[in-house]
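Pasting the structures here.
In the two assemblies presented below, chain A is common to both, partnered first by chain B and then by chain C.
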Partner chain A sequence: MTPLDYLLLLSLLTVVIALVAGHRSMGGVWLTFTYAAQLGGLMLMAGLTNQPDVITSSLSFTILGQSLTWRYDALSWYFALITISAGLLSTMYTAGDWGEKFRADGGNLWLLHVAIALNVLSMLILLGSGDLLTLFIGWELVSWASFLLMILAGGPSIQAAIRYITYAMGGAMAILAGLALIYGHTDSFTYPAAANILHSLSTAHLWAPLLLLTLGFGVKMALLPLHLWQAAAYAHTPGPGAAFLGAISSRMGLYALIVVLIQLVGLVRVIELPVLFSFISARDVLAWVAAFTIIFPTFTALRQNDARMLLAWHGIGQGGYMLLGLVMGDALGSAGGLMHVFNHATYQAALFFSVAAVVYRTGTADLNRLGGLVARMPLSFLAMLVGIIGLAGLPPMNGFVSKWLVYRSLMLEGEPLLFVAAVVGTLGTILSVYKLIHNMFLGQLRVEHENIREAPWSMTAPMLILSVVVFVTGLMPGLVLQWIAGIQATVGLPVIDYSLGGLDSAQGSLDMLWVVGVLFAGFGIGAVLFYSGGRTHRVHQLDNYAGGHFLSADIRYHYSDNFYPGLMRLIGPLYRYSFAWLESAVQSGLGLLSLSTQGFYRRVAPANYALVTAVLVLLWVML
Partner chain B sequence: MDALHILIELTLMPLVAFVVGLFMVLMMRRIAARIQRRVGPPLLQPLYDILKLYGKQTQISHGILHDIGIIMAVGGYIAAETMLPVPGMNGIADKAGLITLAYVLMVPSLGLALGVGQCANPNGSIGISRALTAMLAYDIPFVIVIFGVAWQAGSNNLVDIIALQQVDGIASWGIVQTPLLAFAGLFALHAILGKHPFEIYIAPAEIATGPMVEMGGKYLGGLFVMQCFQLYTAGVIYTSLFLGGGENWLTFLVKSFAVVAVPICIAYLFPRFRTEDVVRLVWKWPVMLGLIGIAFVMN
Partner chain C sequence: MNQIVLIVVLPLLAAFLVPIVARMSASLGAALGPLVMGVCLWITGTVAIESAGNAFAINIGGFMPPLGITFFVDRLALLFAFLTALLVLVLWPFQGEHRPREHALTLILAAASGGLALSGDLFNIYVFYELVSVASFGLVATGRRSSAPAIRYLILSGFGSVLALVGIALVYTQTGTLNLAHLSQLAPTHLINPIGLAAFALILLGVGVKAELFPVNTWVPEVYATAPNRVSALLAGLVSKLAALVILRLLVLVFAQEQALLVMLLLGLLGVITGELAAWRAQDMNRMLAYSSIGQLGMVFVAFSIPGETGVFAGLAIALHHLVVKPALFLLAARWGGALSGLAGAAGGNLPAALLFTLFALSLVGVPPLPGFWAKLLLVMGLAEQVGPLYHFALAGILIATVVEANYLFRIVSTLFHRDSPASPAPQKHSGGDIATAGLFGASLIAAVLLLIPLSQSLKTIAQQTADAAAYRAVVTLAPTTSTLGDTQ
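Moving on, here comes the complex of A and B:
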């Protein structure tokens, strides 16, 4: 029995407990402990991050001459850490009052617990995959587990989940075809054999498997143009489930892409691989796909009026930064991309928790029906504030550090347009998240929300824990960068030269300890200046300037809808929904095709057969 | 460098920034006055204004976040000043770099935006909406300029960028080496300062001074202090990027004041653009010039 076996067994045990006790009132608490135990089991393997080593599972069997193996390395460990933590905090959030209310409102709490436990288990299995076959098996398990989580709420989530599984099946077919191509060359599914053959393939032959695998795994990452399923599918999942999915689920695609692009094909080859009949390389294509994945979903998020949709769209956009940093292939960029996985998971989960807390108290996530909640739910506000600063990538939160690394890499690699694209994404995010926090927590408190209270501790505790993580890893990014350096050494990337506060470099360092220290010292001086001024007195929100009128509670005095009209007058016409149009075109094309084929075998229509035969015979005679 | 030394630098740099900023505000008001054929305020008027606002008896707060917003706005700038090298003092410039500086400068705006949001006045919120839109507009040419300068200097560190420009006098200044970037930078700088014709988020006649609509007393005083820092920061960043920084305090101050004077002299000749026109204009000319400038730099 190796530590990996213990981990997988613990995860299996979690599923069993969820199955047996998920419907009990204490079930959530027990599950929280088993997730904590999983985290402990993972910590037994923490040594993986220091040396390029693997821990294999004793579980392995042989089917048709192919042996299936599972093993963990630094990369798996890092993703597993995020997965289990996301499961732990989501379950902690669900365990208390949120779960009670969910059940009282007719939700299936048992299924939610089971689905999250199954997701964690299947992801842990995927992350342990030791060859292409186990990778595919893990992939399918993850796809169906997330489908379960997405669909369990019923209502609008059903359509979103079915859309997801359609995309996922399409992606899985592409992956299967790619694997078949590789298998055709090697007769083996092991990574070394695949890597060997991929290295020796000619440019034209390499493109087919590379494209198929990237497309297939890109579906889960929601890379453009395969991104349409994600926002609705995540947003309609019940609160903590959405937080779990938003934190880690789509990053499984990134894990698989790292395995394919970096470990099997090798990033050097991707950088050199030319696109036929052009002057750009495969790396450029991937980088621009990533850049568009940053920009378009971010500006789609800007137009959302539902807080959960807004966050889910940003989740897609942030995935672009991860891929962009990674395909730069240097120490800084790949570190930034990998680090962003952790950072994004932390703040995204905090944001979803905060939104779910507001929904718990007010019953809506509609950004036009909220406002002024900071006075009633200060802790949820704090979590959201920390979260949006992280999401927008501003100091002092952790999102800034990973984005900084990506920016630096783009500057050093001499990619001005990609750099501008990355910054445009960040600026769009700032606009969008301000709208989020403004419309929910700032501005006028509505009459019907006058008496609501802060969310209970079982809900605020997980989001505050995450806020602390977001801040501390922003203050001391070295804590995360040590794991990243381990991954880089394991998968064969240049290793980042980090320090506790960031990195030292002759071309421009970053020391967050100083930056954050000075920032808070500045706030301190600002506070001293402020409080040395005259005594303040609080006024009611209706005691406001209103152009000479008097305000009363029935006057809606909150600016929320169409928050950026000036900008929208300029860029509004650019929203053409081309991807949705493309999707519906493909959909109706496929519908037509299936209808016509159906016609052939469903209907007894001898005339059709006679016509086709006659045409074929004529063609044969004429040619 | 010992701890005492750096502590003195970190204290002095924001202090100098504030004092210089006061005089920049004075210069701005004097220039405006001359253009409008007025005399303009006396030497210490900016200081009197701040003291008056802080000392007022009526100090209206709209909630704790309103207070924190002002603290963040002033504190964020105080922190940013320590990342801007001045003659003889580098502060923590070599630990932060240009990109960090650009993002730390967004913290005060975020603080202000939070404080204004808490005030629950739609005029303020519209002001913030416009200010953020303007930021989306001017930050694009600004980061293009940052990219070009950092590429030219081979470093992201302001200390290096300044040192490189002081190698052989004016010939090595950024404005001579990369004139297109310098022009794009000046354009972006004008928009960053938010003066006419980019004054969309104050717009007194439309939205009752936008973010300042619920601000009085020391809240407005905080914003006044913020404006001092803002003018200083803009002038010094541009001086450091394109005018070779300061060889000594005299040239440093002359250059910084000159940089700030340029947009101010232009500003009071113009009315105000509409929001979308600001975005369109800023996304067109400075971005185009900046990208051409980068194309020259990278060859």
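Moving on, here comes the complex of A and C:
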């Protein structure tokens, strides 16, 4: 028994407990402990982050002449850490009052627990894949486990989940085709054999498997133009489920892409690989796909009027930063991309938790039906504030560090256009997260929300834990960067030269301890000025005065709809919804084909086909 | 080991006895059929154990090949003989209106199917094939709404028989024999030519009618939608596989030429694409299952068109998987007729049925670790190893069809579990027998996951034996055992 066996068994045990006790009122608490135990199991393997080493599982099969093996390295460990933590906090969130209310509203709490446990287990299996076949099997398991989590709420989630599984199956089949091409050359699914053959393939032959695998794994990452499924599918998942999916689910695509692009093909080859009949390379294509994945979904998020949809669209955009950093391939960029996985998981989960808390209290996530909740739900506000600063990539939160690394890398690598694209994306993020927090927590309180209280501690605790993590890893990015350095050493990337406060190297230096210190010194001076200024007078939140009038509660002055009208007048015509149009065109085309095939089968005189075919075949034989 | 002949003789005999016995004692008449099938099952089992996997041939009446009637018994033949008896027993029409007639027809179908699995010469294959046709017309026509589709089936099937007969005649004019082993010897000199290819194409189209081969499968949707569901289950599960088995034998032994494989590949691929596409827009469950069945059979043909043992292995895996899944789905569809939208929330009334449907759908789509995944993986690996662009094209077609398949199957699954549907009349409950039988199929699917490694190994052995034409010839011509049993034909 190796530590990996313990981890997988613990995860399996969690699924069993969820199956047996998921419907009990204490089930969530027990599950929280088993996730904590999984985290403990993972810590047994913490040594992986220091040296390029692997821990194999004693579980292995030989089937159809192929051997299936599972093993963990620094990369798997890092993703597993995020996965289990997301499962832990989501279950903790579900375990208390949220779950009770979910059940009372007719939700299937048991299935939610089971689905999250299955998701964690399948992701841990995927992250341990030791050859291409186990990679595919793990991939499919993850896809279908997510499908279960997405569809269990019923209602509008069904449509979204079906759309997801169609995209996911399309991706899986593209992967299978890519694997088949590799298998056709080697008769084997092992990583070394695949790496060998991928190294020796000519440019033209490398493109097909590379494209298929990138497309397939890109579906889960929601890379453009395969992104349409994600936002609705995540947003309609019940609160903690959405937080879990938003935190880690689509990063499985990034994990698989790292395995293929960096470990098997090698980033050097990707950088050199030319697009036929042009002057750009495969790396440029990937980088620009990532850049567009940042821009379009982020600006789509700007137009959302549902808090969950807004966050889910941002989840797609932030995935673009990860890929962009990664394909830069230098120490800074890849570190930024990888670190952003952790950072995004922490603040995104905090944001989803905060929104779910507001939904729990008010019953809506509609950005036009909220406002002024800051005094009612201060802890949720705090979590959201920390979260959006992280999401926007501003100091002192962790999102700033990873984005800074990516920007720095783009400049060093001489990619000014990509840099501009990334900054445009960040601009859209800042605008839309302001809309989010303004419409929910700032401005006018609605009368019906006057008596709302803060969410119970079982819900605030997970978001506060995450807020602390977001801040602490922003203050001391070295905590995360040590894992990143371990990954870079393992997968064969240049290793970042980090320090506790950030990095200190020839390519640039960043010390967040100083940045945060200066920032808080500024805040301190401001606070001193504010509080020493003299008398303050507290009024009720509904007691307002503006423009020479008393504003009573029945006068609505909270502008939430048609946010940023000036900006929209400028960029509004650019929203063409071309991808949605493309998708519906494919669907209609398929429908047409389908109808015509049915027409074929419905013909009244069936023997004609046989006759015609027989004659045709005979003609072919004779000629 | 000669008692294997009994699996053809006994059901035929019983088929003629059933109406008489039923007149004397209704309960005895009802029990006769299942009893006989049980005996067949037992005989096949004992022969399988006795032969220990070695192939042997039986020359009925003691005439030496190529003159006499030959039964060839290898692992594959025994497997299908066993599955025939098992499936007929499991899908036995216990609750029919026209009992004795239905029982007799089912017994004839069982006898002829066993004969198809065992026959070692083309003439016998043709005879048993016709017998299968006759029995299946009768069974299809027992449905209340199925007279028009049954006639359509009859016309197409009759036309197919004519084509097959012409093909067989062509073979005979070229070689002067119909014994498969003998043909296999003569094929390199007499049949690897355009005339041989034409003969193969004609036989393929003829036998393909039952095997749901594109484009002679236009009877499938209507017949499966209107026939009693147990009959649809038998036709889709068993008869189509036996027809495919016949084509496989011919391909391995007689027509092992590139163009023959090419024809199969093309028609199979067209079957996959048209079947899955048509299923995408199907309006009721029976038709959807019928179209999906066309797609799955198309995959079997694509697999068989891969030369050598790999293709046989993959094709058998897909065929066997479909043989388990599709009958069960047809049983579940028995009470889920009408428009698909009418099924909203059907899981509330019958959770086990909905869960079973989900399990079968997952396996059909090929979700690991269910058997459907491994079968599809074998096919993908087999196609990937081939060099021709057409094989890669077929691979792409099959993978795209799988996406379509996932979409429509899970649209239905979500409809079944859709809770907040408007108050619509709840679908009828399933009969206990249907659920139990479908549960049995589901259990065997799960068991197959647990026994995956030994199962895949034994299937590989079967495929090796099947793909070895030289061994077939050696068994038939070198080891003649005589039998005093007369043929009952």
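Here is the rule we use: the second predicted complex is superposed on the first by the 587 of 623 C-alpha atoms of A that agree within 3 Å, B and C clash if a C-alpha of one lies under 4 Å from a C-alpha of the other, contacts with A are read in each partner's own complex, and residues count from 1 in each chain.
In the analysis below, contacts are C-beta pairs under 8 Å (C-beta built on N, C-alpha and C of every residue); 3 or more make two chains touch, one makes a residue touch a chain.
Everything numeric in this text was worked out from a predicted model, so none of it was measured.
Student: Pick one for A:D187: touches chain B only (first), chain C only (second), both, or neither.
Tutor: Touch status of A:D187: second partner only.
Student: Quick one: is A:T597 in contact with chain B, with chain C, with both, or with neither? Answer first, second, both or neither.
Tutor: The second partner, chain C, only.
Student: Have a look at where A:V424 lands relative to chain B and chain C in the superposition and call it first, second, both or neither.
Tutor: A:V424: touches chain B, not chain C.
Student: Going by the contact rule set out at the top, does A:G414 touch chain B (first), chain C (second), both, or neither?
Tutor: After superposition on chain A, A:G414 lies in contact with chain B alone.
Student: A:A607 contacts which: chain B (first), chain C (second), both, neither?
Tutor: Second partner only, chain C.
Student: Specify the partner with more touching residues on chain A, choosing between chain B and chain C.
Tutor: Partner with more touched residues of chain A: B.
Student: Is A:A161 in contact with chain B, with chain C, with both, or with neither (first, second, both, neither)?
Tutor: Second partner only, chain C.
Student: Go through chain A and flag every residue that touches chain B in one model and chain C in the other.
Tutor: none
Student: Within their complex, state which residues of chain B touch chain A.
Tutor: 10, 14, 53-57, 59-63, 65, 67, 70-80, 82-83, 92, 94-100, 103-104, 106-107, 110, 113-114, 117-123, 125-126, 128-130, 132-133, 135-136, 139-140, 143-144, 147-148, 150-151, 154-157, 160, 200, 208, 213-214, 217-218, 221-222, 225, 274-276, 278-280, 291, 294, 298
Student: Which residues of chain C touch chain A in their complex?
Tutor: 152, 155-156, 159-160, 163, 194, 197-198, 201-202, 205, 209, 215-221, 259, 263, 273-275, 277-278, 280-282, 291, 362, 365, 367-369, 373-374, 377-378, 380-381, 383-386, 395-396, 399-400, 402-404, 406-407, 410-411, 414, 417-420, 452-453, 456
Student: Taking the touch rule as given, give the residues of chain A at its contact with chain C in the complex, in rising order.
Tutor: Within the complex, chain A touches chain C at residues 61-64, 106, 133, 136-137, 140-141, 144, 147, 151, 154-155, 158, 161-162, 165-166, 169-170, 173-174, 176-177, 179-181, 183-184, 187, 590-591, 593-595, 597-598, 600-603, 606-607, 609-614, 617-618, 621-622.
Student: Can you list the residues on chain A that touch chain B in the complex?
Tutor: 371-372, 374-375, 385, 389, 393-395, 400, 404, 407-408, 411, 414, 416, 419-420, 423-424, 427-428, 430-431, 434, 437-438, 441-445, 501, 506-511, 514-515, 518-527, 529-530, 532-539, 541, 544-547, 557-559, 563-567, 569-570
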